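Pasting in a structure now, in structure tokens, and then I'll have a few things to ask.
Labels run A, B, C, D, E and F following the written order; every chain starts at residue 1.
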Amino acid sequence: MYMLSNVLRNIMGKYSTRLYPFETRPAYEGFRGKLVNNIHDCIFCKSCQIKCPSQCITVDPKEGKWDCDPFACVYCSVCVDACPTHCLSMENQHRKPAPSKFVVSLQGTPRKSKKADKSAEKPAEAAAPEA
Amino acid sequence: MQSVSGDVHPEAARLSFVLCYEVRMLDTLVFGSVVFPLLAALAVYFVRGDAARNIIVPVSVAITAAAAVGLASLGSFSYSPQAILGISLNGLITVLDFALLGFIFLIALRMSNLLIMGLTALQVLGMVYLDFFLMDHGTQVTGFYADSLSLTMVLIISIVGGLICFYGLGYMKEHEEHLHLAKSRQPRFFFFMLLFLGAMNGLVLANNLSWMYFFWEVTTLCSFMLIGHDGTDEAKTNATRALWMNMAGGVAFVAALMFLQKSTGTLSVQDILAKSAAPGMKTAALLLPMAFLCFAGFTKAAQVPFQSWLCGAMVAPTPVSALLHSSTMVKAGVYLVIRMAPAYQGTMLSAAVAIFGAFTFIAASALAVGQSNGKKVLAYSTIANLGLIIACAGINTSAAIAAAVMLIIFHAISKALLFLCVGAIEQKIGSRDIEAMRGLFKVMPRTAVITVIGIVTMMLPPFGMLLAKWMALESAATATAAMPPLVIMLALGSALTVLFWARWAGVMLGSTVPGENPPAERQPFSVRLPLLLLAGGAVGLSLLSPFVYSMLVAPATALYAKATAYTVTMGVFENNAGVFAVYPLFLLLGVGFVYALRAAKKVGPEAASLPYMGGSQRVENGKIGFNGPMNGFVETAAGNYYMESLFGESKLSKSINVIAIVLLAVMLGGVL
Amino acid sequence: MPTHSEILNATPIAADAVVAQARSMFDQGYRLVTMSVVDLGDGNVDIFYHYDLNNEMTHFRLTHPKDKPVPSISPVYFAALLVENESRDHFNLQFDGLVLDFNRTLYLDEEITSTISAPFCKISTIQKKD
Amino acid sequence: MGLLENWINKGRLKSPWVVHFDCGSCNGCDIEVLACLTPVFDVERFGIINVGNPKHADVLLVTGTVNHRNKKVLKNIYDQMPDPKAVIAIGACGTSGGVFRECYNVVGGVDQVIPVDVYVPGCPAKPDAIIDGVVTALDVVKAKLGLGEMPKVTVID
Amino acid sequence: MSRTIIPFGPQHPVLPEPLHLKLVVEDETIVEAIPALGYVHRGLETLASIRDYNQMVYIVERVCGICSCIHAMCYCQGLETMMNVEVPSRAKYLRVIWSELHRIHSHLLWLGLFADGFGFESLFMQFWKIRERVMDINEATAGNRVVISVNVVGGVRRDLDKTQQRWILDELDKLEKELRQLMKTMLDDYTVKKRTVGVGVLTAEQAIQLGAVGPTLRGSGVAQDARQLGYAAFDELDFEPVTSPEGDSWARSKVRFMETLQSMDIVRQAISRLPDTELAAKVPGKPTGEVVCRVEQPRGELLYYLKGNGSKNMERVRIRTPTFANIPPLLAMLPGAQLADVPIAALTIDPCISCTER
Amino acid sequence: MLTFIAALIGLALTPVVGGLLAGVDRRVTARLQSRFGPPILQPFYDVLKLLGKAPMVVNSWQVMSAYIYVLSSALAVLLFFMQGDLLLLFFVMTIGAVFQVVGALSVPSPYAQVGAQRELLQMLAYEPLIIVVFVGISMATGSFKIADVYAMEKPLLLSMPFLFIALGYALTIKLRKSPFDISACHHAHQELVRGVLTEYSGPHLALLEIGHWFDVVLILGLCSLFWHTSIVGMVALLVVTYAAEILIDNICARMTWPWMLKNVLGVGLVLSVFNLLWLYVS
């Protein structure tokens, strides 16, 4: 019977539901959401690949490719901390669900190439649904 | 050789105008009902051989049944055969009485059972006192008297009982094959079965209480013989128990005879009832013998605390149980109580009988809940229903009596059906345990469905049993005395009955893949026919319940009260207290049922799925189960709740017996 | 002084003393914290028995060949049942007198036990097949 | 008939009953799924209830990695759901095996055993993400019923 | 007597987790309960051989999402002992704060599940409603709601600034108020007591013999709590183990309820004493040697056995989780219980299968 | 004839009312729990969706039982609207209850089986109460006919308050609300999954749901008999009763069947006897 006062208080007051996705609450500053790589600044040093506990990043310095499997990533931000150039960062929004899996594959300019900032300015996107 | 006396009842008076040949007809029919079965019994006993028996039994039960139908179509009568072959019947019966008691005494002597010897001796003494000191042999007592009540009984006994005997042919053959007997004991078996029918017919037709007493004792003897038929130790003990309990009832009967003779000067039922109707007559002098008669009825109807004999009777071959439960023996008990009901109408005795019956109803229902043995469930349910009948007799209004008679009719059919079903099942699967009947549909589809039909007719509307129960409850609600406890007991009791019936019906229907039918089953004709007939009867007669009511039941209640209990228009029962629409219900439920069946048929095997087992369901060797510890296959099992700690026989019986004894004492004491 | 974290200092114990030791710990009111098994790589395993009384831990070390049955302490400490079965799964050890032997099915299914003899024995064995 | 069908379709989109199976999850995603049912997120707004029984469910929420023992259970549960049905794999583990995908006893993501309609990334996936996942699943169902288009995959936005 | 054999799980609405029991009941009394495990077994301890010791922090966090932070903490403390690292004291206090927040959310979660176990849905909802405050704190301060990944070997990765501290205190005050409103319902309500009192009784002696830990042990009146060992900053904080002598389900729920309040108090103490130092110390070299390390999880004492071999991969990481220790007591509680009490008895050890099987 | 047509209309409206009641119930429950809650029409969406699902059954008896359950519940409601006999109505209702059990028992699923056993025990608990309440009504009005209740001048509640409470017990059990959601409950969070309903799915589950709506309306209809004299009073009584049910559901734990038997039969019957005696004497 002790619950009575509680439920009555609930029905008198406003519900505590956040009406997501119709209303969204401003995100917390430090939330570890979607991992993004500003591929311009990436030097393909492989630190992220080496430190990643989930081993979901593959860096190919020769090709200038940085691949990350967002469905294996555990959003721990170790890579972010490890990145010497701070090109990796995390948005404070979670990654949205998708009807199929893919690998985020970014094409940057390989480090050795002198014309680094000329060719691949824009990140190429490739949706490669897994077999 | 016969006379028709018209001094008892206007109904009967009409009969005095009947033509002579009709009288002869009557003569023949009574003979056919009472004496013929005895002759047939002798015939089966002496003409040995399966072939002969297979002819004699069907023919004689058919004749008995025909006689019963004939009697019923004649309507009420009263009739007094004076002598057979020049021997006065009264005298003959007196002699036979002593012979019978002597025989029982001998049996007791052989078993050196002091209790039975004592009880028998008491009866002998009582009869001696009655016959040689009390009885004024000059007064004429009409021997037989029949009204709708007795005729209904005769019909049930002869038809249902006859079917059971017929079923016995096939059953006993297999039964004896199981037992590997060197010498068939079937002649003895059928001797007593047929004798039983005759005695029962005699009992319900008798107007002279001392005749009734004779038949009463014959049924006691028959039941003793039949219960002990298999000769095992258990059978013997149980037979003995049945004997002493019924003998105790016999003592009460004799006591009642003495008191009645003393206080009213007659042993004619009709006279006594007529006398009791006069104002101021319901004094202790009349009520005491009535109480004794009720007591006798209770023992025979296996009311608490005498329930154990009937349960013990389960050791006998199934036809015996069926016979005892549905159409004979126990029905004799309630018949007597109902028969005498007008004599104690409106007295405290009546209220006490009602309470006692209601208590038996709830107690036996509770005991049935604790049973997994199918036959025992049936037994307790019988006791419970008899309790309900007795409660109705105690309520003693015309509606209540109507309820009681309806109960007798429909219970007899459904219960006989259920017993025969259990018998057939037991012979096939080797167990009478409800748990063993799980999924019986896969093995014996037809019998399973018939059993379920039997159960459903026992507990659900629009079938006759429920109509009767409805009448009972409504009349209980309008009862004048002791209403609240009565109603609560009936309410609880009927909830308990639903409990044990529903779970039984449920387990039988076990799983089959949707759309797939199990293989047809084979059964001897003598087993299948009674099953089909009784199942058809249980349903069909329910459908005809308005006719049953107006043709059999209403006239029977007319004897008890002036007011008619119910008016029946277009299959709708109605009185001040309520309405029960039999036909509309039958129609709607019937249509719905057919539709439901069709819908069920439509769902095909493609919709089949295994039961939910937390995701680990697995099938191995056709068994359904789940993947258990160590990756082992675990077959699931389920058991009904018998709640031994609440409803167990050993737990409950003691307190039930104590309460029952107290109630009985109050009942007997209250009269004085 | 009990500590939360200690460099392991375990008393060596012989195989035949394990059960007796367990019994005496049981009688002294010790709680069996757990057992730990380490594959030493030389055909032996280290089995540690960790006991606790009022937050103070006592450890025993049994160095035992992998293929020989280890005496089970589950008859003494029922709680050892799970650990021993787990070690059976992981190291393919045998236990003598285990009260309820899951026979290497506590955690693992056919698929594993048939392809990897003992998942915790060698680092290389855990490399997945596909 | 057309009207009834419309209604039924409406019902399908407005009453996705879910059954949740923890398929070797670390509980992180599990409790987030549970949290979705509780006042702050309250997915009953969308008609979602956790029926806990595959036979009643329309949507199977799977959290965690599939291992050799529970893959059979997963399959069993999926098989016991009457059509039409949808599967949502939740968390890194459910979608791909997550950090555990190299363990000896791990089979991988849910899609190794049953077809998956929606993948919800995260470790654990936030309740918000799970709600998004259900909404996406409804879009998928809608598309399958021919009432709408398949939701698009955005790799980078 | 007729027996019913019931598979309890692996997928089952009462427990979100795949605990699987084969129950044999008569009427509704349990006569036999045999567990089946392995539905969550991943074998993550072996990952130590292919992940380095730093990466293992994030992997042991994922032993279990409910007690993840404390797993990481225990693992880190073990390594710190092995490698002889002195952790800065601010880090120690922060570890206390986050681990106690974890305890609060774990206990609230359990209280809710427990309420659901005896069919008290609205109570379940309330506990989970107020639990969201802790989740918000986690999300705001550590960057994730559940698996917060704040521990590293040598210290912590995140700091709490002054505004955050004040906000946490505020939230905790609100939380405490709301929690206290539910106290009477949880501990005194007639229907609740009917379902919990006398269910799953475990005497103190049995509890020790069967190796029970945590609230399961303390609910039987044994005052043992690994926080008494003084890891992190617990040696500088005031608290007493919460116990209750009855040993039944009610006692265990009381212990957890009180512990939730106690944890809030500890967080407050820790915040008020938060020293100003570095967040993490440098960790030199590679781990070598054998260490045994214990901490108090929400469900009880957790033990790590670590063996390093001088390489970046650990030779052996062995985790003995509290539920693993509490399962034998559960098995002892079940026989004789009623079927309806199975969820209650099972829940009172606060089973965490993913911890158990790793 | 007129009553018959009116009754048919009533019968057709019953599922609508039942579904709306369920919707309101869910919404109010949500608010009591501080949740936003589902749309009021949610139960209809649920049932429509279920109707559109592929059938999945273990055997055919289940299907038959589901149909008979709905049929008898509807029939009972029809009898109510036709102002028929209370006891008869009760018996007809029993058909449904029994077939629900039979359907569950015919499946080799331990959850359904145990659920069926518990359902039977629940029937054991509420059936006597309902019968006794009806007897009480018949004592007050002189008959079991509903029509005669309407002929009364004073509301029944005044003379049978305790029997109304007893009926409240029955209502709680029938509604499957805490503390009596023992054999099955709305959400499967119990040891029996969903008890008797476990093995039903899709369209057949929808049927059972509709049948349940009939049952709920019927029992509320019975409650309404206690204040038949004015519409306002009747509505007020029903609102209060239903609100009380929802509240009780939200402030109680689920109890066990032994407790239920003891309490419902103990307390309920004592209350009823008391009230019956009161009626009997006056």
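Everything that follows uses one rule, which is that contacts are C-beta pairs under 8 Å (C-beta built on N, C-alpha and C of every residue); 3 or more make two chains touch, one makes a residue touch a chain.
Heads up on the chains, UniProt names are A = 4Fe-4S ferredoxin iron-sulfur binding domain protein.
These numbers come from a predicted model, not from an experiment.
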| item | value |
| --- | --- |
| Those chains which touch chain E and also touch chain B | C, D, F |
| Co-neighbours of chain C and chain A - touch as defined | D, E |
| Which two chains share the largest set of C-beta contact pairs | B-F |
| Chain whose Cα centroid lies at the greatest distance from that of chain E | B |
| Label of the chain whose CA centroid is most distant from the centroid of chain F | C |
| Distance from the mean Cα position of chain F to that of chain E, given in whole angstrom | 43 |
| Chain A and chain F: spacing of chain centres that average the CA atoms, whole Å | 53 |
| Chain centre separation (chain A, chain E; CA means) in Å | 29 |
| Chain C and chain D, separation of their C-alpha mean positions in angstrom | 39 |
| Residues of chain C touching at least two other chains | 105, 107-110, 119, 126 |
| Touching two or more other chains - residues of chain F | 30, 32-37, 54-56, 110-111, 113-114, 187-189, 193, 198-199, 250-252 |
| For chain A, residues that touch 2 or more chains besides their own | 1-3, 7, 15-17, 19, 53-54, 74-76 |
| Touching chain combinations (by label order) | A-D, A-E, A-F, B-C, B-D, B-E, B-F, C-D, C-E, D-E, D-F, E-F |
| Contact set on chain B toward chain F in their complex | 439, 459-461, 466, 469-470, 473-474, 476-478, 483-485, 487-488, 490-492, 494-496, 498-499, 501-503, 505-507, 509-515, 576-581, 585, 588-589, 592-593, 595-597, 599-601, 603, 607-613, 624, 636-638, 640-641 |
| Contacting residues of chain A [partner chain F, same complex] | 1-4, 7-8, 10-11, 13, 15-17, 19 |
| List of chain A residues in touch with chain D within their complex | 15-21, 24, 53-55, 69-76, 94-102, 104, 123, 125-127, 129 |
| Interfacial residue positions of chain F with respect to chain A in the complex | 28, 30-37, 247, 250-252 |
| Partner chain E, residues of chain D touching it in the complex | 19-35, 38-40, 50-54, 64-65, 67, 69-70, 73, 77, 98-100, 102-106, 123-124, 126 |
